[in-house]
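In C-alpha cells below, several structures.
Same chain, two partners: chain A is paired with chain B first, then with chain C.
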Partner chain A sequence: MGRYLRRKVAIYLLTLFFAITLNWILPRMMPGDPILSLLSRLATQPQQIQRVHTFLEQSFGLDKPWYEQYFSFWRSMFVGDLGISITHFPKPVTQIIMDALPFSLLITLPAILLSWIVGNKFGAFAARKKKMDNWVLPIWYVLTATPYLWLGILLSWSLGVVLNIFPIAGAYSYQVRREWTSTFVLSYLRHWVLPFLSLFIVQLGGWAIGMRNMIIYELEADYSRFMETMGAPSKLIRKYAYKNAILPQVTGLAVQLGVIVTGALTTEIVFSYPGIGNLLFEAIKRRDYFLIQGCFLFVVIGVLLANFFIDIAYVLIDPRVRLSMGGEKT
Partner chain B sequence: MGGVNAMKKGIVLCLILVMVLAVSTFGQRYERHETLYAGGGLWEPPSNWNPMQPWGAVSGTIGLIYETLFTYDPITDTLSPWLAHEGEWVSDHIYRLKLRDGIQWSDGKLMTADDVVFTFTLPGKFPSVHFRSLWEQFESVVAVDPLTVYFTFSNPRYHEWSWQLYQIPVLPKHLWENLTETQVLAASNEGNVIGSGAYLFETYDLDRMIYLRNENWWAKTHLGMEVAPKRVVYIRALSNNVMLGMIMKGEELDVSNFFLPGIPAIKGPYDIHTWYEGEPYMLSDNTAFLFANNTKAPLDDPILRRAIAFAINSEEICRRVFEGMVLPSNTMGFLPSDGWMKYYIEEVAEAFGFSYDPAIAKKLLDDAGYRVAAGGMRVTPDGKPFKLEIIVPFGWTDWMESIRIIALNLRAVGIDAEARFPDYAGYFEQLSTGDYDLAINNFNSRLSSTPWTLYNWLFHDIYDDLATSGNFQRYMKDDIPDLIDQFNEIKMDDLEQGRKIMAQIQELYLTQMPAIPLWYNGMWFQANTNVWQNWPGEMNENKSYPTTWAGTWQLGGLQMLTQIYPKQ
Partner chain C sequence: MNMSDPIKKDHTKQAGKKKNEILFFALRNIKFRIGVFILAFFGILALVGPLISQYDPLDYAGPGYRPPSTEFWMGTSTFGQDIFSQFVHGLGSSFAVGFFGGGLATLVGLMIGFFAGYKGGWLDEILMMLTNILMVIPSVALLIIIAAYLPYRGVGIQSIIIGLTAWPWTARAVRAQTFSLKQREFVALSRISGCKTPRIILEEIAPNMMSYVFMVFIIQFGGAILAAVALDFMGLGPTLGISLGLMMQYANLWSAIQLRMWWWFVPPGLAITLIVSALYFLNTGLDEIFNPKLREM
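Right after this comes the complex of A and B.
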C-alpha cells in the first residue's frame, strides 16, 4: 500500500507541475492583448492610452521577460497569491474565485450527487422491470441528449415567465440583502430551484442509462448465471450485480466532481446566476491570464484529487483491486 | 455504527437549529415603491468605484456619486453648469469657472475651488491619469478665491474643453491628496467612495450594485431637484434574453438599457415603454462604422472603399437585424442631434455622399478596372483575385447577422467577401494591429457636445503602430487630422468658421471614404410602468436622455431619476 501511494503521489505531483505550466503558457499563446481590451472603450487621446497601457502593463508585470513572469508566477502561487484579475481590475483572483465558488457549488454539487443517487437507483430498478424499461428508457435518452441551455430556457419561460412561480434571474431577490435571515434564505431557495432542476434533470438521464445497461450486462454475466443455477436467491444476485455495476458509475462521478469548480456556464447564463462558469468564460474571451490560471489551478487540483480518491475508493469497494495489491506485496 | 448514527443525528439537529434561527429573524426587503431596478451597464461583478479609471468603474460611479462641473443634454444640445455655477471664456486663453456655493461632500466637508484645481492638475502629479493631454494645454490652474478657478491655456482647444467639462469628475482633495499613484490608478477605491452626488455607495454583491439616496444632496436646495428612488439597485446581467423576461415581468427590473430583440412585438402586449411609440422606438446614441483597412491592398484604393459604401444596404440591416429599432446612418455618420447636425454640410453631402445603389458600385468598380473574372467575382485592376474578410466579436449577435448581410451585399456587386467571428480579444487585437480587412466598430462614436469627439476618434494619430482607440482604418495622411486640430481651436460659438473647416474635412472624408458609416446604434431604453411612471419619451414632458450606461448619467440618466414618480 505504501509503495502504491508513493508512486501515485509522485505521478500526481508531476502531472500537477505540467498542467499548471500549460495553464500558464496556453492563454499567453492566444492572440489578443488583455490590457488593450480593457482599455478599448476609454475615450481619450491615443498617446494617453499608451501611457495608461504602459502603467497597467507594469502593474501586472506583463512587461517583464517571459521567464521572469513564469518564475514569479510560481513564487506567488506558493504564498497563495494568484495575482490581480484584469477583467475585474483591481480585484485579486483568489477573492473572485472564493466569492463565486459557493454559488456555483451549491447548485452543481447537489445536482450531481442527487442525480447520481437517484439515477443509479432508478436505473437499476428499471433494468429488472421489462415493461417499465420500455417506456422509461426513451425518456432518459431524450433527457440526456437535451442541451442544458434549451431545458433552462424552457423551464425559465414556462415556470418563470408564464406561470410566474419561480424567479428567472439572480441568486436571490434583488429586493433583499445577503444576510442570515429567513427572507434571504427563502429567497435564495426559490432562486435555486430552476437552475438546480435544469442540471438535475439532464444529468439524471445519463446516470440512469449507464446504470441500467450495466445491471443488464452484469445480470447476464457468467457469475450471475452460475449463482442462479446454484439456486441463489435473486435478491443476492442483484446485490452482486449492483456492486459490480456501480464501479464505472463511481469513476464517472469522480470525473464530474473533479471539474465541478468550472461551474455550469450555460445554466449561469440562462438564469443570470452568479458563479464561476461565466467568470472563466469571460476571462478566456478577454485573455485575463490571471483569472484563467486561477480557475484552472482549481480544476487541475480538483481532477487530481478526484482521481486520487477514486484510486482509494476502488481499494475499498472493489475487492479485486485490494487483492491485487496484496499480491504485489508478496 | 453507533458513532455514525450519533453524528448523523448531530448534523440533522444542527441543520434544524440553523433553519430555526434563520426563520426567526426577518430580513429587510427594499420597499418596492422606493426602489428602482435598473440594468444595462453592468456585465461584470462590481469591483471598481474609482472615478479616475472610467474604463473599469461601475456604472454610476461617475454621475451618481462623483459629479462633473457641467452636464450635457443631447436632446436640446445644451451644456449646463452643474457643480459649476457658471463658466466662461474671459479671454481667448483664460477660462473662468465659478463653483456653486455650499456644495457638500457626503462626509460633510464643503467643496471648494481647491478640489477643482486638485482634480484638473492631478495628471501633473501622475502622468498616467487619462486626461493628461488636457493638462498639457494648461499654463496654470489657479483658485483665486474659495469658489473661483482660472484655467489659463497655452493653446486652448475649445471643443475638447467643452467635452471634458462634463467628463471629468471632481474629486475631494482632502481624501485624495495623500493617495499614491497605485492607489489612484490601480486600486478599487472601495472604502473611500465619497462624492457629492445624489447617491451613496451602499453595498454590492456579485450580481448587483446598490446605491442609497444622499439625503443631503446639494441640488435639493440649489436646484429644487430630488431623485425619486430611495435606492437604485443596478443589476448585472449575463444575457439579454434573461433581461427581456425581467422587463416583461416588471417585478425586479424597471428600466433597461439592454439591446433587447423583439421589443416591437412585445411592446404592446406587455405595456413596455420606449422613447418613440412607433419606429424606431429608440433614440440614436452612436454610429456603427464599417472600418476598411486603408493600409492593406486592395482596400488602400479609395474607389474600392467608395464602391463598398454604395453596395451596402443599411436599410435592410436596420429592418432585418434590428426590426426597425435603428435608423440607417447619413452619409457622414453624424448622429441626428443638433450639436452635430449644425456642422453637417448639406452641399458637401450632396456632391460627394453615397447611398445604397449597387449599380453605382458596379460602375465605380468597372471604371476602375476591377473586372469580373470567371466565377463571377472581381479581380484587382492588375488582375489579382481578392477576398475580403469582415470581422465582429463572436457572440455580438446583431453585428454577426449584420456582417452576413454585408457579405451578401458585397458579393452581389462582385466583391468576394466573408463574415468571420473571432472572440473579443482576438477581434480587438486584429483591429488595433491592422491585421484585418473590414470590421464594424462604434466604441467612441457616441453622442456628444461636439462632432470633434467623432473625428478625434476616427482620425487621431497612431502611436507605436497600434490603433488603440479609433483610427482603426489607419488613415496616415495629415490633411484630415490637421483640419480636425484647427476645428478644435475654433470657439464653440463661432459656427461659421467651424462649418468652413468642417466642409473641408467632410469633402476629404467622403472622397477618401476611410470608414463607412452604416447605422445609428440605439440608445436602448425600455421601461416597465408597473411601479414607476413618467418615463422619458418623445410625447412626454420628461425628455431626459434615458441612459444609465457608465459615464453617461450626466447626459440625462440622473435627470430621469428626478422626474419619475411611483404609481399612486
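Right after this comes the complex of A and C.
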C-alpha cells in the first residue's frame, strides 16, 4: 500500500509541477504582448498604471534570463502570491479566490457525494429487473448526455421563473447581510437548492449506468452462480455483488471529477453563484489573466486533492489492498 | 436489457456471411436504430437548414422578443435575430467540433496507446507518465487556460485544442488492448518475418481493434460536443460565427430566462442532449452488435 500511494503522490506532484509550469509558459508563448494588453485595460487610471507596471515588471521580469524568471515565479507561488487582479484592482488574486471557494465547495461536494450514493443504490436496485431496466436505462442515458448548464437553465426557468418557488441568482438575497443569522442561513439555503439540483440530477445518470453494468457483470460471475446453486437467497447474492461492484465506481469517481468540475463551473455561471466558476467567467470577459491563471491553479489543486482522498478511500474499502498492507508489515 | 425476441435466433442460421450478420443485427437492434435516426435527423437539418433559412444568423431579421410563428419558426432573440437560422448554423458547428475534435482525440489516443503498448520499455514509461498527468488535470481547465490566451478562435482551433486534451483515457485503454494483442502468435510471426513496427501496428494490431476504435470515436465525438458547449458558455467560443453553446450564453447574458423567452434557450440544449444521447445509444447498440455475448441477453 505504501508503494501504491507513493507512486500516486509522485504522479500528483508531477502534475502540479506541470500545471504551474504551463501557467508560466502560456502567457510567454501566445501572440501579442500580455503586459501591454493588461495595461491597456487600465488606460484611464494613470497612477494605477504605474503601480501595475512595476508589479508586472517584477513578476514577469522579462529583462532577466528565462531560468531566473522561472525561479522567481516559483518563489512567489510558494508564498501564495498569484498576482493582483485587474478587475478588482488592488485585491490579490489569492484573496479573491479564497472568498469564492467556500461557495463552490458547499455546492459541489454535497452534489457529488449524494448523487454518487443515490445513483449507485438506484443502479443496483434497477439492474436485472427487466421491466424497470427497459424504461429507466434510456432516462439515465439522456441524463448523462444533458449539458449541466442547460439543465441549470431549465430548472431556473421552470422552478424559478414560471413557478416562482426558488430564487434564480446569487448565493443569498441582497437584503440579507453575510453573517450567521437565521435569515441569512435560510436565504442561503433557498438559493442553494437549484444549483445543487442541476449538478445532482445530471450526475445521477452516469453513476446509475455504471452500477447497473457492474452489477450485471458481478451477478454472472462464478461466485454468484455458485451461491445460487447452493441455494443462497438472492438478496444475499446481490449484497455481495454490490460490494464488489462499488470498487470500480470509486475509481470512476476519480475519472469523472474533471467533467463534474466543468459542470459545476458552468452551473455557477447560469445561477450567477459567487463561486470560482462565476469568477472565472468574469475574468475571461475582462481578460483578467492573473485571475484566470489563479482559478486554473485552484481547480487543478482541488482535483488533485480529491484524487488523493479517493485513492485513500479505495485502500480503506478494498479488503485485498488492506490485507496486502498487513502482509507487508509482517 | 432484453430488446430482442425469440425469432432472432432462427434467423441467425440463415444469415450466412459475417458481414451480413452484423448488418442484420444492427438493423434489429432498437438502440442502434434510435441512435441513427436521431443523428440522421439533426445531420440533415444541419445540412439543409442553412439553405432554407432566409436570414443570416447574426443579422437583424425582424422585431425582437417574438415567440415562434410562421415567419420566424423558432422566434427571434432580443435583438431580432432569427433563432432558427442560429440553430441550424450552430448544429453544423457542433457536428464539426464533434467530428474533428473527437476524431483528433481518437487518433492521438490510438497512436500513443499503440506505441506505448507495443514498444514497451522506457517509451511506454514516458508516454504513460504524460498520459497519467493529463488524466488528472481536468481537460476543460486546460482548455480554458489555452483558449483564454488565443486572440482569435474558430471552430477549427476549438476542435484542435479539444482533441489535444481529450485523448488520455483512450490512450490508456488502447495501450491495455495492444498489450494483450502483442502476445499473440500472429504478431510474433510478422515480427519474425521482419516487418517494421508501423506496419505491424497498422496491419496486425489495428484491424483486431476496429470495432473498439469505432466505439471510442463515438464517445469522443459526444465528449467533444459537450466540452465545446461548456467552453462557448464560458465566453471562450468562436469569436466569429455562432454555435449552440454561444446561443445559450447569449440567452443567459440577456436574461432570456427572466423574460421567459424559452424559444431561445430550449432548442440548443435540447439538440445537444438528443445528439449526445443518440451517440450513447449508438454506442451501446454497437456493443451488443459486435459482442455476441451481450446479444443473447
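Following the convention adopted for this analysis, the second predicted complex is superposed on the first by the 225 of 330 C-alpha atoms of A that agree within 3 Å, B and C clash if a C-alpha of one lies under 4 Å from a C-alpha of the other, contacts with A are read in each partner's own complex, and residues count from 1 in each chain.
Keep this in mind: a contact is a pair of C-beta atoms (placed from the backbone, for glycine too) under 8 Å apart; a residue touches a chain by one contact, two chains touch by 3 or more.
As the structure is a computational prediction, the values presented were derived from the model and not from experiment.
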**Asked** Given the touch rule stated above, what does A:195 touch, chain B (first), chain C (second), both, or neither?
**Response** neither
**Request:** May I ask you to decide whether A:153 touches chain B, chain C, both, or neither, giving the answer as first, second, both or neither?
**Result:** both
**Message:** Tell me the contact category for A:83 with respect to chain B and chain C: first, second, both or neither.
**Reply:** neither
**Asked** Where does A:161 make contact in the superposed view: on chain B (first), on chain C (second), on both, or on neither?
**Response** both
**Message:** According to the stated criteria, A:206 is in contact with first (chain B), second (chain C), both, or neither; which is it?
**Reply:** neither
**Request:** Check the residue A:286 against both partner chains and state whether it touches chain B (first), chain C (second), both, or neither.
**Result:** first
**Message:** Quick check for you: in the superposed arrangement, does A:181 touch first (chain B), second (chain C), both or neither?
**Reply:** first
**Message:** So in the superposed three-chain picture, is A:270 touching just chain B, just chain C, both, or none of them (first/second/both/neither)?
**Reply:** both
**Asked** Once the complexes are superposed, what residues of chain A are shared between the chain B interface and the chain C interface?
**Response** 30-32, 34, 153, 156-157, 160-161, 168, 269-270, 284-285, 287
**Request:** Going by the contact rule at the top, pick out the chain A residues touching chain B in the complex.
**Result:** 30-34, 36-56, 59, 85, 87-91, 96, 99-100, 103, 153, 156-157, 160-161, 164, 167-171, 173-185, 268-274, 278-279, 282, 284-287
**Item:** chain C-facing residues of chain A, complex
**Value:** 11-12, 14-15, 18-19, 22-23, 26-27, 29-32, 34, 130, 133-134, 137-138, 141-142, 144-151, 153-154, 156-157, 160-162, 168, 216, 255, 257-259, 261-263, 265-266, 269-270, 280-281, 284-285, 287, 289, 292-293, 296, 299-300, 303-304, 307
**Complex interface listing, chain C residues touching chain A** = 1-3, 129, 132-133, 135-142, 144-146, 148-151, 169, 222, 226-227, 229-230, 233-236, 248, 251-252, 257-258, 260, 262, 265-266, 268-270, 272-277, 279-281, 284
**Request:** Going by the contact rule at the top, pick out the chain B residues touching chain A in the complex.
**Result:** 19, 21-30, 32, 35, 37, 43-45, 47-48, 53-56, 127-128, 130-133, 167, 182, 185-188, 203, 205-208, 233, 235-239, 241-243, 245-246, 248-249, 251-252, 394-395, 423-426, 428-430, 432, 443-444, 446, 453, 456-457, 460-464, 466-471
